[in-house]
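Presented below are the structures under discussion, each in the form of structure tokens.
Here chain A shows up in two complexes: once beside chain B, once beside chain C.
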Partner chain A sequence: MGDMTTEGASISAGIDLSQFYQVFFEEAGENLDNMEQLLLNVNVEAADDEELNAIFRCAHSIKGGAATFGFGDVAELTHQMETLLDKLRRHELQPNAAMVDVLLQSGDALRAQLGRHQGSGGDVIDTTDLLVNIKRFVEGGGAPAATPAPQAAAAPAAAKPAPAPAAAAASATKPGTRLLEMQVGPLTDLSLADNLVELFKEITDLGTIEPLDAGQSSDGMRRFKVLTSSTDNDLLDLFTFHVAREQVKLTPLGPGFGFYDGAPGAPPAEAPSADPGYGFFDEAPGMPAGAAAPAAEAAPVAADAAIVPTRPATPAKAESKPAAMDQTTLRVSIEKVDQLINLVGELVITQAMLAQNSRDVDPALYQQLTSGLADLERNTRDLQESVMSIRMIPMATVFNRFPRMLRDLAAKLGKKVELVTQGEATELDKSLVEKITDPLTHLVRNSCDHGIEMPADRLARGKPEQGTITLVASHQGGSIVIEVRDDGRGLNREKLIKKAREKGIDAPDTMTDAECWSLIFAPGFSTADVVTDVSGRGVGMDVVKKNITSLGGTVEIDSAEGYGMKVSVRLPLTLAIMDGMSVGVGDECYILPLSSVVESFQVQSNTIKTVAGSGRVVEVRDEYMPVIELERVFDVPRFDFEHVSSIMVVVEAEGGRVALLVDELLGQQQVVVKNLEANYRKVNDVSGATIMGDGRVALILDVGSLVRRSRH
Partner chain B sequence: MHSILAVDDSASMRQMVAFTLKNAGFNVVEAVDGQDAWEKSGQRDFDLVLTDQNMPRMDGISLTKKLRENPKFKSTPILILTTESSDSMKQAGRAAGATGWLVKPFDPAKLIEVIGKVIR
Partner chain C sequence: MEASNVPALRQQGAVTAKSHGPKSGEYLTFRLGSEEYGIDILKVQEIRSYEQPTRIANAPDFIKGVVNLRGVIVPIVDLRLKLNCPSAEYNSFTVVIVLNVKNRVVGAVVDSVSDVLELNRDAIKPAPELSAASVDTSFITGIGSVGERMLILMDIEGLMSSAEMGLMDAAIAA
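Then we have the complex of A and B:
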């Protein structure tokens, strides 16, 4: 048997229950998310019945699965939560903020417990305090069915009714509490076992015990029915004072089911020795032939239905969605999707090669071939789009974590903050969603900690007491833009410049505002006067910027002192495919991310000027920008010494612009990005590579790095 | 082969039940809640209905009542899976016309045992 409260027997009837664990974990995770969302939205003064029911159902559902699959700790905690939630939804207790807090904390504990069961390691989660707290709420409401002995509630025992005779005890069979058959013996003196019965009377939280054999025994064995929340080991340890460990045998008791006599389909009556945990209703429909006259009894049963008060089904709107989702979604491992994407990438390249090789085919002679190739091109493109969309998930998955975080954070800082989110449905590649979560979290924390003022300060400034942080996601061209806005104190230009100079950063007074704001991205730069527990721990905006840049994204800051700040993060929709512009330099071909290309033009040699010490610049509409000759950057071999590159492509990144000098513009196309580092090694100024239609490898330029190069 | 309609809003429980029953040689149709089960019950016959109690849209008790109103399911065994084995639940089950109840958590062996009592 082992320690059944932590890991149940996972094999029963030849079925390995562990095969369902993953589904259970995912489902429990969804339920926890859902519960948290509902808890955050619940209005404690006027809680909606439907909401309370939905929250209850989340806990209930987790409990059911946890108990079935043998995660006793999870079942125990959810059971307590459920008890509290049940009282709330029945209006036996009035919800309050403290209850919501403890339920949210319980949700966190459950996540940790589930994480542990999934093998993420860590210590056993101590939920004693939570259980005691929840219990206090359950009892504090003066509910009629208060659980006994609150003073002895130190041990995390599940709520139990007072020790009771068979029927009542069995009806309290709940996860966390288990119904066991205990065999003691063989004993020379059968009364020895009575000591064990005494034990249960002395120790309030141990549970209940009752003899199964009416104290009679023919084989020197005593049998008891035990209802307990303690583990087998704990029980055995206790019993050793009276009976040798080997003489006690614990097995799960009770069928846990029942039939109603005479119910349709119910089997012939059995002697209900101990409540089996299942049952059949007497004279209910479905009883088998053995039962008495089932058909004739169906009518009275129906009449009963009108009398017995059943809780009406409360359709929960919020819940109908997950159920519907369940029917129409399919869980697939991410590896399978990635493999699919990879294969499609290869297909796109093959298709491009075919298209290129067949350019010279005479359409008049090979009409079927060329129309087939045209179809192939269209289908490949559609296929690629469909496959890429598999990986797209809505930003809501990121945004949803912030209400809870802000709530805790604001409470800790003594601030009042409201979170507004817009564009949650905006979709983004899953891998990007995962990677953007941390930087966004940091930005939101920053806004709350440094941006939003204390309520009193806000009032003094004529602002509403409650600050607002707004998260907005939207698609703009081939990018997604995520904005984190707050209506806090904003950035102070003088303070920033002063600080920068202290840090030895070059900060002239002539800096533009944008340049000034971007000072906060400098390593080790923190404007917080006090280093708080929340932010300003050295891991600052520089890391945020680095992370976003490494995803091919950009960050921009806008601020007005006293009115707030806006951080805009711009990211590509996916890392796997990119719209590129191919440019030729000598015999080489390079790809520029189309999103970074501003314009291109034919350059007159007289507009390029050399500035002493800082290289060459080009004048474009009265503005000078640095010129970078790709030929020199990559040491492109050239045999035509007369040649003068004459095309400028202006690219933009990290708030700066440079003009790249190239030989020719080859075209625009979607390219499948291959990681160069994984396949070769890191190359400066190159972010990846791709395979062109003609089978050649072209390097994708890292525009950000080129812009940085121009600054030095 | 006997057909069983297995109703549960929890995917993991549903999978476990369905797998167990299929393994035991039953034909299983799954439904995600009472409403879904009610719709599926209209499409074909079942030898047994196994339903969770607490579900969104339509709970197990309401489903049982609705099924009993249909002559097709007048004497079909209906078992309610529940974590609440309180007397009030049992009364509600009886009043709705259920055949019996099975307390969660149960393991596959128990499920087969109980079903074996009503389907032969």
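Then we have the complex of A and C:
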């Protein structure tokens, strides 16, 4: 809150605020996400106070920021939301599902408004309906709001004008320390006021607070003596989290007044502005004791006030800082991080080059050099890992969007669906997270639309009425595996094969289940009997598969009819650097992604058998595998004609295995993946290139394409 | 496929030649066998000595492969093979002109680089009408004469991005 006023002040100082816009948009976005999460979790029958408060705080923060930066439409909408939320958290209104819906819609509208302000274009967002709806809820609860007491009727009337002059006074001066009497109430639960005392303990710069009534209260009112350097507005904003603004009244206390008058910087306008507050105070019927209190307490307070000047006024400035100071995160543009990653990539190459060139150095003679190089190697690897981890973000950022989507979708389809997520903390490269979001959204939609049955059907099949969609993310080796599971109707083998044949796809009855399920990845394939606006048009699964394949990932489907279906997406952790195995063929060197290498072994030429004269297979532990000679695939020139390749590297991709025949295994190293297409074009069976320790380029093999090659 | 593409290409080449025109300016001259060529100096990024590139399987023979240019993977085209020079030897004088065309980096192998010449308009004669037997003439924009020397001025950007070169995917070359 302190921040806000500081920024507010800077408007008048003519400082360009636009530099803070980005921060505001990001924070507002986070607040919106947070609010949506909280709203979705609210149990309307028995809403938790803490949750309601948290939602209120989100709306309040957005409103504050929007008003500061002059986004009137955002501020207006959040203001109305705040009003409704305020009533909810004060239990003047009972939350219901319709309110949650309106609030969620408002959240969407806010997001759109923010997007528009951020320059993504679009029309002005019409929020009239939302505003009317919210107001209706607010007023609909007006009747119960009046019940609390006669005081309540009087108090708001009296309280309303009070903060205004006080605020005027506060903004007019940068106040030093002053002494205030604070009245809180009427409260249904008196212990709420004790939260304020706690607040002062937590925020040490705020000042001191002492109860004036020793915890006793006659009429639901509590009175405190406050010694503070903050403005009334700041205090009220802080208190808002515990008690409503209207319930707090701040009045300068006797000696505090004197202090004010004495302050040389205080404009003369201030005393009168505070005066009406006093006047109101006297008239307020709910607090007869209030008027007497300042007088009665004046003497001891004077003693306190004597101490006041010894406390320097500097805390006034410091008060607004803590929020900014204990920030533990840093927002950095993605380009900077990418540049860092590129540089580290170059460093890795240079290090590998040094390591290779120093292999022949006698360690006895150049002990320091070799130990230095060993240090360099270790530090380079550590540096690389830390830099790569900057880009890693948890899967939760993807998963968090699904509860909302499913809620809307399930409501639209008339289904009951529960979402279970596991492994949200699993981390994945940011660029991958962005690219995987759409395919995952599609899979979840599919599960909800096609997988989960209508509640009645589920009951008829003896399943629980509510369907479950489970999202699981986990690390497996060098990859991340994301599973989308549902307990719906599953895939029907006969139906799939029938559809496939209608589409002219070759689908023999002897297909394995895995092959059968993968039919749904064919373009234009849909098993839905009815096309809905959600899915069923048959555009989708092929796109999902294409997108995931382009990320170097794979998709697998497992299904049991009547019990559900599981789609597993396997992705590499990062696209920039990978572990590779270098193999030699003739004089050339190729890189195999280590993650796809299963094993390697030496073969005798007689264990390679031919099939139909040309196809060659090798027997590995009772399994016959197609053999691919890299020499032939890449047309490697040979000068030593007697040489016979005798090493097999078994690689696995897309559910198939092939044995690659190579001359020798050269080693394993981390390689920085470079794009061949940047300056050249796509090369068959090659997924990219890298730079070896000696500065030469080596091609990285596309194992998926090699496996496909063996199938045709 | 090949046959139908060729006339279209020639036309495209001719258009490029016309629009680029034989313009005055600085030209980098180099030798391919006994012929001397000139290209727009602004397309040249740097000149390096030849190093053995990494071969790319199933590429046309004039694409020698790719090299590492300070962390960037750059394809290497041997212009001598592309322009049908009788011999293409790799010795200590063989150089690679690193070109920057259409935001891509490409290396071109030539026998030797001579010098940089300023050519004004009247030193540039229009390209002669050669028989269409050789497609490559479409990328010749004019003939520059400097004293006794005859320079064949070439639209290197058009040549490098042409489909028959196969250096770029069709969408980018267009």
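The definition used in the following text is that the second predicted complex is superposed on the first by the 511 of 712 C-alpha atoms of A that agree within 3 Å, B and C clash if a C-alpha of one lies under 4 Å from a C-alpha of the other, contacts with A are read in each partner's own complex, and residues count from 1 in each chain.
Note that in this section a residue touches a chain if its C-beta (ideal position, glycine included) is under 8 Å from a C-beta of that chain, and two chains touch if they have at least 3 such contacts.
Predicted model, so just to flag it, every value in this text is computed and none were measured.
Chemist: State whether A:572 touches chain B only (first), chain C only (second), both chains, or neither.
Modeler: A:572: touches no partner chain.
Chemist: In the three-chain superposition, say which chain, chain B or chain C, touches more residues of chain A.
Modeler: Here the partner covering more residues of chain A is B.
Chemist: According to the stated criteria, A:676 is in contact with first (chain B), second (chain C), both, or neither; which is it?
Modeler: Only chain C; A:676 stays clear of chain B.
Chemist: Examine A:95 and indicate which partner it touches, taking first as chain B and second as chain C; both and neither are also allowed.
Modeler: Neither partner.
Chemist: Who does A:57 touch here: chain B (first), chain C (second), both, or neither?
Modeler: Only chain B is touched by A:57; chain C is not.
Chemist: If we overlay the two complexes on their shared chain A, which of chain B and chain C does A:699 touch? Say first, second, both or neither.
Modeler: After superposition on chain A, A:699 lies in contact with chain C alone.
Chemist: Let me test your reading of the model: by the given contact rule, A:24 touches which partner, first (chain B), second (chain C), both or neither?
Modeler: After superposition on chain A, A:24 lies in contact with chain B alone.
Chemist: Of the partners chain B and chain C, which touch A:552 in the superposed model: first, second, both, neither?
Modeler: Touch partners of A:552: none, neither chain B nor chain C.
Chemist: When the two structures are overlaid on chain A, which partner does A:67 contact: first (chain B), second (chain C), both, or neither?
Modeler: A:67 contacts chain B only, not chain C.
Chemist: Touching chain C in the complex: which residues of chain A?
Modeler: 345-346, 349, 588, 633-636, 674-686, 689, 691, 695-699
Chemist: Would you pull the chain A residues touching chain B in the complex into a rising list?
Modeler: For chain A paired with chain B, touching residues are 8-9, 12-15, 17, 19-20, 23-24, 27, 54, 57, 60-61, 63-65, 67-69, 75, 170-171, 173-175, 255-260, 263-267, 275, 277-282, 284-288, 294-295, 298, 301-302, 304-305, 307-308, 310-311, 313, 315-316, 319-320, 322-323, 326-327.
Chemist: Write out the stretch or stretches of chain B touching chain A in their complex.
Modeler: Against chain A, the touching part of chain B is residues 9-13, 15-16, 19-20, 23-24, 32-34, 36, 48, 52, 54, 56-59, 61-62, 65, 68, 73-79, 83, 85-87, 90-114, 117-120.
Chemist: For the complex, which residues does chain C have touching chain A?
Modeler: Contacts found on chain C: 53-59, 65-68, 71-75, 104-106, 166-169.
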